[in-house]
Amino acid sequence: MNPVNYLYLAALLFTIGATGVLIRRNAIVVFMCIELMLNACNLAFVVFSRMHGNLDGQIIAFFTMVVAAAEVVVGLAIIVSLFRSRHSASVDDASLMKL
Amino acid sequence: MENLIALLIAAPLLGAAVLLVGGRRLDAVGHWIGTVLAAASFAVGVVLFTDLLGRSAQDRTLTQHLYSWIPVEGFQADVAFRLDQLSMTFVLLITGVGSLIHLYSIGYMEHDERRRRFFGYLNLFLAAMLLLVLADNYLLLYVGWEGVGLASYLLIGFWQHKPSAATAAKKAFLVNRVGDMGLSIAIMLMFTTFGTFAFGPVLGSQEHPGLAGDATGGKLTAIALMLLLAACGKSAQVPLQSWLGDAMEGPTPVSALIHAATMVTAGVYLIVRSAAIFNGSPDAQLVVTVVGAVTLLFGAIVGCAKDDIKKALAGSTMSQIGYMVLAAGLGPIGYVFAIMHLVTHGFFKAGLFLGAGSVMHGMNDEVDMRKYGGLRKYMPVTFATFSLGYLAIIGFPGLSGFFSKDKIIEAAFAKGGTEGWILGGAALLGAAVTAFYMTRVMLMTFFGEKRWQPDEHGHEPHPHESPRSMTIPMIVLAFGSVFAGGLFSIGDRFLNWLEPVTGHAEGDSPLSPMAVTLITTALLVVGVALAYAQYGRRPVPVVAPRGSLLTRAARRDLYQDDFNHVVLVRGGEHLTRSLVYVDHTLVDGVVNGTAASVGGLSGRLRRLQNGFARSYAVSMFGGAALLVAATLLMRAV
Amino acid sequence: MSFPLLTATAALPAVGAIATAAVPAARRNAAKALALLVSLATLALAIVVLVRFDPGGDRYQLTESHAWIKEFGVRYELGVDGIGVALIALTALLIPFIVLAGWHDADPLETGSRRWRPTQGFFALILAVEAMVILSFEATDVFLFYVFFEAMLIPMYFLIGGFGDRAHEHGEAAASTQRSYAAVKFLLYNLVGGLIMLAAVIGLYVVAGNFSLQEIVQARANGSLHMATSTERWLFLGFFFAFAVKAPLWPLHTWLPNAMGEATTPVAVLITAVVDKVGTFAMLRYCLQLFPEASKWATPAILVLALISIIYGALLAVGQRDIKRLVAYASISHFGFIILGIFAMTSQGQSGATLYMVNHGISTAALMLVAGFLISRRGSRLIADYGGVQKVAPVLAGTFLIGGLATLSLPGLAPFVSEFLVLVGTFARYPVIGIIATFGIVLAALYTLVLYQRTMTGPVKAEVEAMPDLRARELLVVAPLIVLLIFLGVYPKPVTDIVNPAVKQTLSDVQKKDPQPEVEAAK
Amino acid sequence: MSATAVHSLWTTAATAAGPISKIETPKIEYGQLSPTLIVVGAAIIGVLVEAFVPRKSRYYAQLFVSAVALVAAFAAVIALAAGGYGTTKAHIAAMGAIAVDGPSLFLQGTILLTALVGLFTFAERRLDPQAHGNRVDSFAAQAASVPGSDSEKAAVKAGFTTTEVFPLLLFAVSGMLVFPSANDLLTLFVALEVFSLPLYLLCALARRKRLMSQEAAVKYFLLGAFASAFTLFGIALLYGYAGSMSYATIAQVVDGRVTSVDPALAGTMGNDALLLVGVALLAMGLLFKVGAVPFHMWTPDVYQGAPTPVTGFMAAATKVAAFGALLRLLYVVLPGLRWDWRPVMWGVAIITMLGGAIVAITQTDIKRLLAYSSIAHAGFILAGVIATTPDGVSSVLFYLGAYSFVTIGAFAVVTLVRDAGGEATHLSKWAGLGRRSPLVAAVFAVFLLAFAGIPLTSGFAGKFAVFRAAAEGGAAPLVVVGVISSAIAAFFYIRVIVLMFFSEPKPEGPTVAVPSPLTMTAIAVGVAVTLVLGVAPQYFLDLASQAGVFVR
């Protein structure tokens, strides 16, 4: 199978993730969509790694996972504290500051 | 000897400075300081005059170069004076009559707490006028020219607490400024045409013609017309005559000074001084004569209708200056006579005004002739001197006015052709009207029944003769009114004296001098008779009758003031008001509007920041898409 | 190395400003005295500059040159030509009077008012402005000039916005609002002008590679620096815009009436008599020298704008009801004359314009300061609130009249000489414009005399009956200015002698020759 | 001019890294990386301090560790620069991951100094009134407790303070140190996350107005992660294009100096679509960090909600780091592509300058106002970035240095103006401040004037440098737009000055707290740098100009 197809898949996943960020309200879901985007990137890295025949891409994929994990740590902490204060995880409710 | 010239100006200038800066501690002696310094200037003038007489006719031009005034690349204005026969004549007239008026004012202003200041202004007036006639270039002349304007402003508005006086002063200055504009344009034209505006190079002399001869006719006409505009302003010629009547708001000695010795004569001086330029432009000369003729009739007509003694005299001045301007416009035929009439007029008009002042002095400052009457019994000296002035001005044979005015009428006819007839005719008509209105003044003031009444406070005037300090000048001036004309004319003394400066030509008159004299005298009798018929045989009503259309027009200065008011004042007010509006709404508005629209844009853009994280994400996503699209597009292009 | 005289002249008020600001709050009078002393010392230094300057010598004298910002090609280069010397002298001369006139303007208000008036700050700011103005007259480096041209806005801004007249017809709050509006308007107009000039300054650097006025002018003259026509025009416009705002030229003038109206009178004098001169000075020095071709290209348009300024300013002055705004519009008219003289490109016009800057400074100072004394007595700026002052305060009225007469350019007083030179210089090349400009002298008479008539003459109004005449301090401010007005009107040669060589140089930079008199040309 | 020739203008030749065939033993130049290592080490020590040092002493211990680390790191930077690593010895260290060159050292130095000054504001404990006898700083007593809850009250009563902010700060700094010197895309991405994540947390830690603080953190985090994802995707595409993460290799491929070895890869390697889209997405990530329009929308909300010391630090240091990375990316990796990216960046710069300035006009909160101001300034800096000349680099470096100190000083002043509810950030409360506390108002005015670019302040020198570079680089229209938006921007800076000096003070207006020497130092440093760089910028311009050459 042509590896380029995986690239299309990666792009698709990325777009789905981005769309999710734009349309979902729940902060956790939004965050999951971002994770989806990161993983789409991972897929792209791996595909390119394969195409170029070097390992750089695969190594990056590992790094990305670590980074994603770190983001989860930080992100969840923030989202949870927000939820506890407001009893809502909707990103739209967090709109005290505007204009 | 040349070095004395500056002293002529310095004396009154010093007086002005001392009196104005000195403050109240000089109140007691201020009037004497002023008078003595004016007289000192006269004395210097006499010394210089005798010196000039001692020289040959060609050698009578003295110049004094004081210092370089405005030295700029290609532009040179010096403080330098020229004393020749023309300016000498003026110096003597100004300082002589001026000193007399100073003397008169001591008495006249005795009860005014600001007398010191008044004398300061008088001295300033003399200094400015002397500077005007002594300057050796047009720019320095301009300084004197405006200085005269300033002094007249200060003096006309001397009683500042009266709004009418303040307005009259302002009006005089403004109308004069319009004329001054003409003078400054004339100087600029001279500068661009000749590269200089000094008398010597531009005007030259009889033997050595100046640069004026080299210029094109068009340029000369332009310069001459601008000089005429200037002259119109100072000499109250149509169309810039309107200030003169209002200028009567000033104390009477001021009127005497303005009308006889200074100010209004400046225009005539300017034209005669610039003879070389006017001679080169017949077109301009024609305009000058027309202005003169129109003004002499205008002034005479106005003079007929005024009940205010000073305003009647003011109309008369306008008319007489009209004669002079007319003569000056005739070119070499008339220059000398213009100046001669100016000098004689200086005597009798000063005398008349001082007489009028004396009358007012005795009448609680009443100026309405309808409230006079029969004053000859109460003020014999005033009556006598006023009568002599009266006879002189109407041109009673043998008196000053007769000689000078006759010459002008002759010269007008001598212009030749239709022009000559028209101008001569106007001059003759003016002579008749002069006789009429002056007789009217005489009759209403000194003859008939007493018509004065108590004023609103119940004070009835007690007419009385004025003190010595006032009558002496009147007597001296009366002598001048009687004899000056004869003195000048017999043996053509005045002609010979001035001729080296102004040049002279004999015209080719269609009427013989004798005929002119006869016609003039006849018309004079007609004028006097008409006036007697109306004001001598019938009692004068205390309240002015409505009068004919012409009378009413003449009372309102032939409506020219109303015209000015509607067109210039109102129009100007509308213009400035609308400009203030434009400045606020349009000029400022554009800027404020821009600021406001940026502010509005800010307000609208600000709403994009709606606080929702997801809409921020949309913005980022859209931005990313745009960025990608733009980058790809750049490659595609 | 010789003593850096020019630096000292500017540094003295700068140091003085800091010292004045540092005087403890309670020692108000010490601060005032210090400021006056410093301004007088600066005047002394300026006189030394004037004496040391040799009109027949090099174009720029007393030069100093030090590296400053190598990276930008900027040097700390000072030097004065005749025009600069004259204006430095004017500045140094006027500041002591401004300080003295403003002696009580920054005193704390009577208890009950919440306005805050730091006396020390007022005088420190005046000195700071002086330092910056002097430096901008001295700089021969475009960047250095720009720095002070812009920087002086800030102290000016605080002077306008922070200190107003004591009383106001609409009460303190309204006054405060109007004052800060005026200050902001002043700053924004000038800042926009300055920023546009900044773009042009940068452009000039890109084209020329350095900022040295002399080097650029020289390089342009000998052809080693070529500027495309369109580039030159854009750069010229950038510079000119800033100067036209500062000057101010119609239609960029509207900030001036606001600023002058709302500021205290000494500050109003500072604006119009000193700070605005930097604009016209810079036109003469930078626009003409750096961009001669573009200057000639723009001349017709600028002359028309200047002409509009003259007539428009005068007409609006006639229509004003506020004394200070009237003087402001009169100044706009006068600045029109100055700009007219500069761009007529004749010796008479430019010498006249330079002289005009000096004379206008003195005459406006005289008129405006007396007006300020008047206003401080009655607490109103409205002309209608006065009447008959002449009767109760003759000296005040007399000095006011002399100031007014100077404003209308009465011959014998200094402004006449300059105004006539400008007119003659303009007329020589552009007769029609010259003639129309002459109408300005009639209008000047109108607004001055109307002002005098309405305030000083007529029946004495009840409110002015108890008005005291000029006090000794006030007379000390006005009298020297009047003496100077008369002296320079009668004998302007000392100034013209200094100015003429510089003007000649400038004209040769622009490669313009005076028109020949017609009679000579015909021969 | 050929691509190579242009390239060599701002890069020095360095050996191109060959294709990596096998994993080599890493060769790490510890000395040259010491600034980063010191900070990371201190941060780890900070974590240990949290774990082992008694609560009462933690504050002092943390402050000590942080300060020492930052000073030591700065000393290391100076030592490296003195050793010529900024100029002659500039090279690529850590196996191609990190560039040690002029811009790196200059920016690292700037970041470290900014961080040190920022640290002082973090450590300030005198502004807030004492809570139950304990001195407190700007950070929440216990971040985990719900605002207003009993547990929070208990934490406050116990005198808890979040001393974790110090290690967080150090971690962020370490990321920022790496970010502008990253020489491959992986390092870039990791550094990005390393400095971003602590900042997300710091934003959430405000003591007062905690809801807003948390909201700011959520917004910042979600949008930041969103942007990171785009960045990462861009990196992926670039990797796909060049087959390498190394800047040098990518640059070679972009320049066309590496011909495809394997014909089979012709479809991907050197595919311009990949390159262009990748560059656009990567640039977007960086533009997000600098706050360029239209990626700026987080800025006002986050600046407003975050604890003010964090805002100050973030506004200053993030901008420095992000612009450093952007510069390196555009100058080292993509010079061959500049005809593609320059027009796009022109557009971004223009809307950033205008947008920031225009929207700022109507702001009513001082922190939001400064946020929009920072957006406008990002636009000005972008104008310098676009110049693509050596002057462009040095002008941007100088601007960043000047700007960061003004910013941190300005936010430090904001922390001083307080009322009962903590900091009084609404502009109406600043009315008449000049009367109440002339000194504070004057200092703030100096900062505002510097923002406005008035001569004799550092802002003017920086603006001049940037605009000059832009003009020389042929971007005259950008200069004109810059000048116009400067004028607009001047309006709102002046508005604040008017408010402070010419408006009547409100009776219930805020008080100005008397700070400890820490904040005073921070403000004093800000003023000093502002004035020195304004009056005598030559030394620093020289420095920036020497540092303006990238290694490659």
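By letter and in written order, the chains are A, B, C and D; residue numbering begins at 1 in each of them.
Please note the rule applied: contacts are C-beta pairs under 8 Å (C-beta built on N, C-alpha and C of every residue); 3 or more make two chains touch, one makes a residue touch a chain.
Predicted model, so just to flag it, every value in this text is computed and none were measured.
Trainee: Out of curiosity, which chains are bumping into both chain A and chain C?
Mentor: The shared contacts of chain A and chain C, listed by label, come to B, D.
Trainee: Which chain's centre, taken as the mean of its Cα atoms, is farthest from the centre of chain A?
Mentor: Between chain A and every other chain, the largest centroid distance is to B.
Trainee: Compute per-chain Cα centres, compare each with the mean of all protein Cα atoms, and return the closest chain.
Mentor: C
Trainee: If you average the Cα atoms of chain B and of chain C to get two centres, how far apart are those centres in Å?
Mentor: A distance of 37 Å separates the two centres.
Trainee: Just the number, please: Cα centre separation of chain A and chain D in whole Å.
Mentor: The computed centroid separation for chain A versus chain D comes out at 24 Å.
Trainee: If you average the CA atoms of chain B and of chain D, how far apart do the two points sit, in angstrom?
Mentor: 79
Trainee: When the centre of a chain is set as the mean of its C-alpha atoms, what distance in Å lies between chain A and chain B?
Mentor: 96
Trainee: At least two partner chains per residue is the criterion; list those residues in chain B.
Mentor: 595, 606, 609, 611, 613, 617
Trainee: For chain D, what residues touch not just one other chain but two or more?
Mentor: Expected reply: 218-219, 222, 226, 230, 300-301, 491.
Trainee: Please output the residue numbers of chain C that touch at least 2 other chains, ranges allowed.
Mentor: 188
Trainee: So which chains actually touch one another? I want all the pairs, not just one.
Mentor: A-B, A-D, B-C, B-D, C-D
Trainee: Taking the touch rule as given, give the residues of chain B at its contact with chain D in the complex, in rising order.
Mentor: Touching chain D: residues 595, 598-599, 601-603, 605-606, 608-609, 611, 613, 615-617, 619-620, 622-624, 626-628, 630-632, 634-635 of chain B.
Trainee: Which residues, counting only chain B, touch chain C once they are in their complex?
Mentor: 20, 67-75, 79, 139, 142-143, 145-147, 150, 153, 157, 160-163, 165-167, 169-170, 173-174, 177-178, 180-181, 184-185, 187-189, 191-196, 211, 214-216, 219, 572, 575-577, 579-580, 583, 587-588, 590-591, 595
Trainee: How about chain D: which of its residues touch chain C in the complex?
Mentor: Touching chain C: residues 394, 432, 434-435, 438, 449, 452-456, 460-461, 463-465, 467-468, 471-472, 476, 479-480, 482-484, 486-487, 490-491, 494-495, 497-498, 501-505, 536-538, 541-542, 545 of chain D.
Trainee: What residues of chain D sit close enough to touch chain A in their complex?
Mentor: 19-20, 143-144, 146-147, 186, 189-190, 193, 197, 200-201, 204, 210-212, 214-219, 221-222, 225-226, 228-230, 232-233, 235-237, 239-240, 243-245, 262, 265, 267-269, 300-301, 304-305, 368
Trainee: Can you tell me which positions in chain A touch chain B when the two form their complex?
Mentor: 18, 21-23, 25, 30, 91-92, 94-99
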